[in-house]
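Letters are used for the chains, namely A, B, C and D, taken in the order the chains are written, and counting of residues starts over at 1 for each.
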Amino acid sequence: MEFTLKTFIFYGFALMTVASALLVVTVRNIVHAAFSLMVTLFGVAGLYVFLQADFLAATQVIVYVGGILVLILFGVMMTSGRLEMRIHIERGQLLLGGAVALALLMLLLTVIANTPAWKNRIDDGTELQPTTERIGELILNGPFLLPFEVVSVLLLVALIGAALISRKEVRD
Amino acid sequence: MTVSLISLILLCPLAAFAVFGLLGLVNRRFPRQDYLSTAAMLIALACSFLLLREVVPKPEAHTVNWISLGNVTFSMGFYLDSVTAIMLIVVTLVSSLVHIFSMGYMHGDPRYPRFFAYLSLFSFSMLFLVVSDNLLGIYIGWELVGLCSYLLIGFWFEKDSAANACKKAFLTTRVGDVGMFIGMMMLFAKFKTLSLYGEGGIFALSASQLTTGDMVWLSIAGVLIFCGAIGKSAQMPLHTWLPDAMEGPTPVSALIHAATMVAAGVYLTARMFPILTETSSLVIAYVGGITALVAATIAIVRFDIKRVLAYSTISQLGYMMLAIGAGSYVAGLFHLTTHAFFKALLFLGSGSVIHAFHAMHAHGHDDEHEHDDSEAHEHTHDQGDSDAHGHEHSEDADSGHILGSEIPPDQDMRNMGGLRHKMPITFITMLIATLSISGVPFIFSGFWSKDAILAGVLGRAMEWNSVHHYILFIMALSAAGITAFYMFRLIFMTFFGEPRNQEMHDMAHESPLSMTVPLLVLAVLSLPVVNTLWFNADYVEPPPQPHLHAPTHAYIAPDTKTGRTGLALSLFGVSEAVAAEEDAGHGTQDAHADDGHHGHGPAHTIAMVLSICVAGLGILLSWLFYHRRTLSAESVTTTFRPIYNLFWHKYYFDEFYDGVLVALTVWKARLFAQFDGSVVDGIVNGVGVVTRDILAAFVGFFDNRVVDGLVNRVAQVTWAVGGRIRRIQTGAIQTYLFVVLAGIVLLILIFRAL
Amino acid sequence: MTLQHYLVISAILFTLGIFAVLTRRNAISILMGIELILNSCNLNFAAFSRFMTPEDISGQIIAIFGIVLAAAEAAVFLAIILAIYREFGSIRPNEVDTLKG
Amino acid sequence: MLLSLMIFIPLLGMIAVLLLPRESEELIKRVTLIFTLIPLALAVYLFITYDRSTAGTQYVHGPYHWIEAFNIQYHIGIDGLSVTLLLLTALLGPICVIASWRNIEKGIKAYMALFLLLETGMLGFFAALDLFLFYVFFELTLLPMYFLIGIWGGPRREYAAIKFFLYTLFGSVLMLVAMIAVYLNSNIVNGVAEGLRTFDIPTLITLASTEGHALANLDFQIWVFLGFFIGFAVKVPIFPFHTWLPDAHVEAPTAISVILAGVLLKMGTYGLVRVNMAMFPLGLDHFTNGVGFLGNSLALLGFINIVYGSFCALAQTDFKKLVAYSSIGHMGFVILGLAAGNDTGITGAILQMFNHGVISAMLFLLVGVLYDRAHHREINGFGGLGTRMPIYTGITTLAFMASLGLPGLSGFVGEALSLLGAYSEFKWLTILSTIGIVVGAAYFLWTLQRVFLGTLNPKYEDLPEINGREILTLVPLAILTVLLGVWPNFAIDMFKESVTNLVNVLQAI
């Protein structure tokens, strides 16, 4: 494999993603964790660009970073008192969880490595093509119209539900 | 023309009732319901007279399909012959008079409009019954008059006695009706129709299809249909409701329980005349005869003026049944007609008397001058009768008291006496009716009709040489004598002698015009000449009886002719001439007659002489007992104490029914209900419980029978294991998730390894 | 860059997410773990789309749906967290054990 | 199409009601009323335009494939019997809504929604021409009924609701088994399977009388007959499956009692006619004209129902329970008439079904009126109400008289025809059944006396008279009662041809 600038940047993004994800699960300060998550999300967005998915990348940044992360930060601020800012982890749980996670990782890696169809599969080398138009076509005028509408309703319902649940006074 | 006349006759009263019913839904009243109903009745009366001239003597029928099924059709229709026309006259006439009478009698009652509405409904039902040409139609009218009777007996339903009486009346007659319905089912199963007349009617079919082998069946069917008449016409043993029915307002008693509805049974039996066999005829005759005698004996000892009349009605209805059972069709119907008028007159007369006493009560207790009848009734009811009692038979009256047959003081003859000066019109008219019912000869209609029946029965007895009919004749004759006795007892106790209750006597007064006019009209109607206007011997022809076979040695005489000659007598008033004429008529008509018929002419004469004798005897005895008082009722009573008790307790019918039949039914109902609640439902619930607890039950079984300790051990183990396993349920989601994931990893590993 | 590169990154993200979900004692941290898992899935979709069916971009659309779902999920999750916080005064999952047997 | 519209409009109404806010109770009631009035209008239209001269099904919609794998179809249509009962159902719908206007205090929204669902189930049941669809609608009525009794009922509502539910479920499980047996055998001719299996009722009826077809086998018919019979017998209810009825009636709210007596019971007898009699004439024959003890068993059950129900009613002191037991008695006449198998008997039975629906609905409404005022139903606790509530007394008397079979009112015609028809077949049982007529009169008159006659109980001196809304619910029924009593051909015309058809099938055996 040629080690070009592109490859370098790819590895950079990959490293950024994985490392920040690791931070997300390890740092004790929840606010720090949230910011690490932001970095992870940016990393994934970068990887999307490498996958020729410009629209997806943009969505990732806008929705995740702009929406979900802010939501999480709000959640942190509303629930945690000053003392709750730190995350406590019990040792036993840590070990058990780590073991399972590790086992899972090994399993996944084995699968990835051993599936013949996936082995050394490379892309077709096309340059970045704008996908927005095609996606728009598919979603609004194609086979994905119904799922799209369903998902819209779902989102709406979820938001209404969320608003309902989090209201202060609960009716009997 | 005929159809529209009949429709008018039926629809007028119905409309009068409908106005009441529909306005009642919105809690309104027609301002003058009484005028409306009376006018409707008068129109019907006029139409009936028109119809009499229209139809008679040619019978006419008009039918429409009422229910049409695949193979069967139930039709509804009119059948008009002379009998129908006469019945229409009788019903509309009496009904109109009672309407008018009620305007005075019921005045001031809080439910005054309703009373007239009910009367209208009754008139409609009764007329419907009369004109129907098929059994189903008759049954419909039959039940509807029963309903009206129920409503009217219970008109003053605040009184418990009235509430009881109306229920009793409906239920008792319904028992008979069920018999009638079974009879209808039998006929229907055989002939597939319930129409009576015409080609496909029951009469034509029974005449053409039935053989001698069917006679038992036909007799049973006939008797079952007659059961309906037993109920409606208060024959033995279903007569007990009629005396109680006197709880209703007196005009109702006059209209329904004397003149029309109770006579419907006789009418039905007469209608069924063509399918009667000799057995069913005999049953009918015996029921009638026994009823006539028994009811008459009970009437002797009553003190309630209305009850006397009620038992008298039962007795007279028995007479009519006897006539029809003995084949004297025309005589029976003639007696029905005459009885309707004079008995209505008697009841209205007694109503007039009661009204006079009533008013006294209203005055006596409040200062109001309005006569509030229901209020008066409550007063009388509350007051009871013990204080107001006369001196006679007080201990027996007390036993009556215990039995619950309290006599309202305004109806108790022991409070009356000497009223003839106070109420002259009432007295005169009632006297006419009494003379009529007692069979005082020649100028009163009752004599002719009763005489016709007696002659008819005796005639048949002589012709058939039948012991049964001789017995029946003696029964009828004794009943006639007793009737004369107790009717004059009533007159003497009420109108003659000294006032027994001075306070009440002082208050009594003659009734208003609206009440006396109907009395006068009815008095005129109790004269035989008037009756011949519609009851004309020329067109009342008995129908043939194809299934009635005389004993082989006897000759079948159309002894129903006797009835006709009786009428002829009434018309001309010359008995010998007509007797001769009748004899001659027989000679020409039945040229082949054998010696049996020679007894017929004599039968008539004998019957007439005997009937005059017994009537005279009855009146004489009555006079001696209750007016001259040369004979003492008390001493006779003491001498014949057991018989007196039997009469006083009405042969213990009520006690038997209440104590045995009603109690048995209620007991059975309780039993069934308990069975339903405990056994049937118990089984159901049991199954439910068993199914639910099947494991527990199984364990229990194991526990008891197998090894107690082992089971306990099992339980302990289960408990312990449960306690352990319970801990797995930490409630922490993460633990669950952990287990799930670990499980997934393990599973994948295992299956990959394989 | 082969498909396996992306898959490995995705697998790591997934495992880290699982780890967070299993071990963290704070509901919001768990939410973050879940977000990681969802991201790894989306990444997988995009990668497979690119490598297995280059002409078709359905995988990307599914990934977009995934993002929407994640957003919805996050909203509901946080709402629930707020409700629980009000009810129990804590958002530590091991203190919320009403289901405990 | 019209028929489908009629069936599913209440369902639409249910959705509409569910979308309305729970606070706007008046609006909910009005919407429900409208959505029950539309089916009524359609039912009246169907009733008028129905072609009375043929026996065939009309207004057929379908068949459309529904569950293709099992050849289950959406197939509906009506014959004379169905259209009569549809009219009854559609009529009772708005009446019950009006009757519930003030009495339902909690959860009016859920109540009305469930009621509309129930109406869809009932209407669909009477129109279904596919056995599976038939079953689905049958079960569809069960669930709302369970909740309607269990939530809005009296003090022992849970017990009654569960009892009702389990009982009916027990019956319908047997019915399901029988149904599946029919389905599995529906393509077997002379022991060889050919063609598709089917649930289609008209097809099955034809097959069941085809020589050599598995469905035409006597033993098979007997067993399947029994399966269906028990299913329907629970619903009718026929002794000894009747004990759910008094409990359910006593606990259910007024309107639900009305539906229960007016329509649900008819579902049982309708099923008997539609499935047991039309589809398994051989099986029926075995239980009506057969030999030995079982030979008359259907008529015997009818007789037991009549006499047993009447006597039980006589012993009741709870007004509503009395009416419930009287229902058992009156349904006995239906069974007796059906068992007769001739046109008089069957016509009488069907007429009695309709009449009983109308009359018992009136009776339960009347009991409800009294209960709303006095808050108890103990017959002996009243007395003399006739002076206080004359209109109420009048209407009650009318209903009682109709129920005890007074001629001129509808109850008589059905009873009389049933008995007349039955007498030709079962002499003694019919004669004994007439005991029911007397006892029927006895308990109604006794009740009338205890509640309305006599002196007024001072406790009820201020009892308000029946109000306009209540009269509104009763008047249509009263009119029908009188109309059918005077002119029964009005209804008989509708199903005359269907009955003739059925009788021909039965007598061909």
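By our rule, contacts are C-beta pairs under 8 Å (C-beta built on N, C-alpha and C of every residue); 3 or more make two chains touch, one makes a residue touch a chain.
Keep in mind that what you see is a predicted model, and the values were worked out from it rather than measured.
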Q | Pair sharing more residue contacts (C-beta pairs) when A-C is set against B-D | A | A-C
Q. Once you find the CA centre of chain A and the CA centre of chain C, what distance in Å lies between them?
A. 7
Q: Give, as an integer number of Å, the spacing between the C-alpha centres of chain D and chain C.
A: 57
Q. What whole-number Å value describes the gap between the mean CA coordinates of chain A and chain D?
A. 61
Q: Could you put a whole-Å number on the gap between the CA centroids of chain B and chain D?
A: 36
Q.
Can you list every residue of chain C that touches 2 or more other chains, as numbers and ranges?
A. 18, 22-23
Q) What residues in chain D touch two or more of the other chains? A) none
Q. Where in chain B do residues touch two or more other chains at once?
A. 734, 738, 741
Q | Set of all touching chain pairs, with the criterion as stated earlier | A | A-B, A-C, B-C, B-D
Q. For chain D, which residues count as touching chain B in their complex?
A. 163, 166-167, 239-240, 242-244, 308, 311-316, 343-344, 347, 384, 386-387, 390-391, 394, 397, 401, 406-408, 412-413, 416-417, 419-420, 423-424, 427, 430-431, 434-435, 437-439, 441-442, 445-446, 448-449, 452-456, 465, 471, 475, 488-489, 492, 496, 499-500, 503
**Q.** Complex contacts: residues of chain A adjacent to chain C
**A.** 1, 7, 10, 14, 17-18, 21-22, 24-25, 30, 33-34, 37, 40-41, 44, 47-48, 50-53, 55-56, 59-60, 63-64, 67-68, 71-72, 74-76, 78-80, 84, 87-90, 93-94, 96-98, 100-102, 104-105, 108-109, 112-113, 117-124, 126, 131, 134-135, 138-139, 144, 147-148, 151, 154-155, 158-159, 161-166, 168
Q | Interface residues, chain C side, partner chain A - complex | A | 1-9, 11-20, 22-29, 31-33, 35-36, 39, 42-43, 46-47, 49-52, 54, 57-58, 60-61, 63-65, 67-76, 78-83, 85-86, 91
Q) What part of chain C is in contact with chain B in the complex they form? A) 18, 21-23, 30, 93-94, 96-101
Q: State the interface residues of chain B toward chain A in the complex, per the touch definition above.
A: 734, 738, 741-742, 745, 748-749
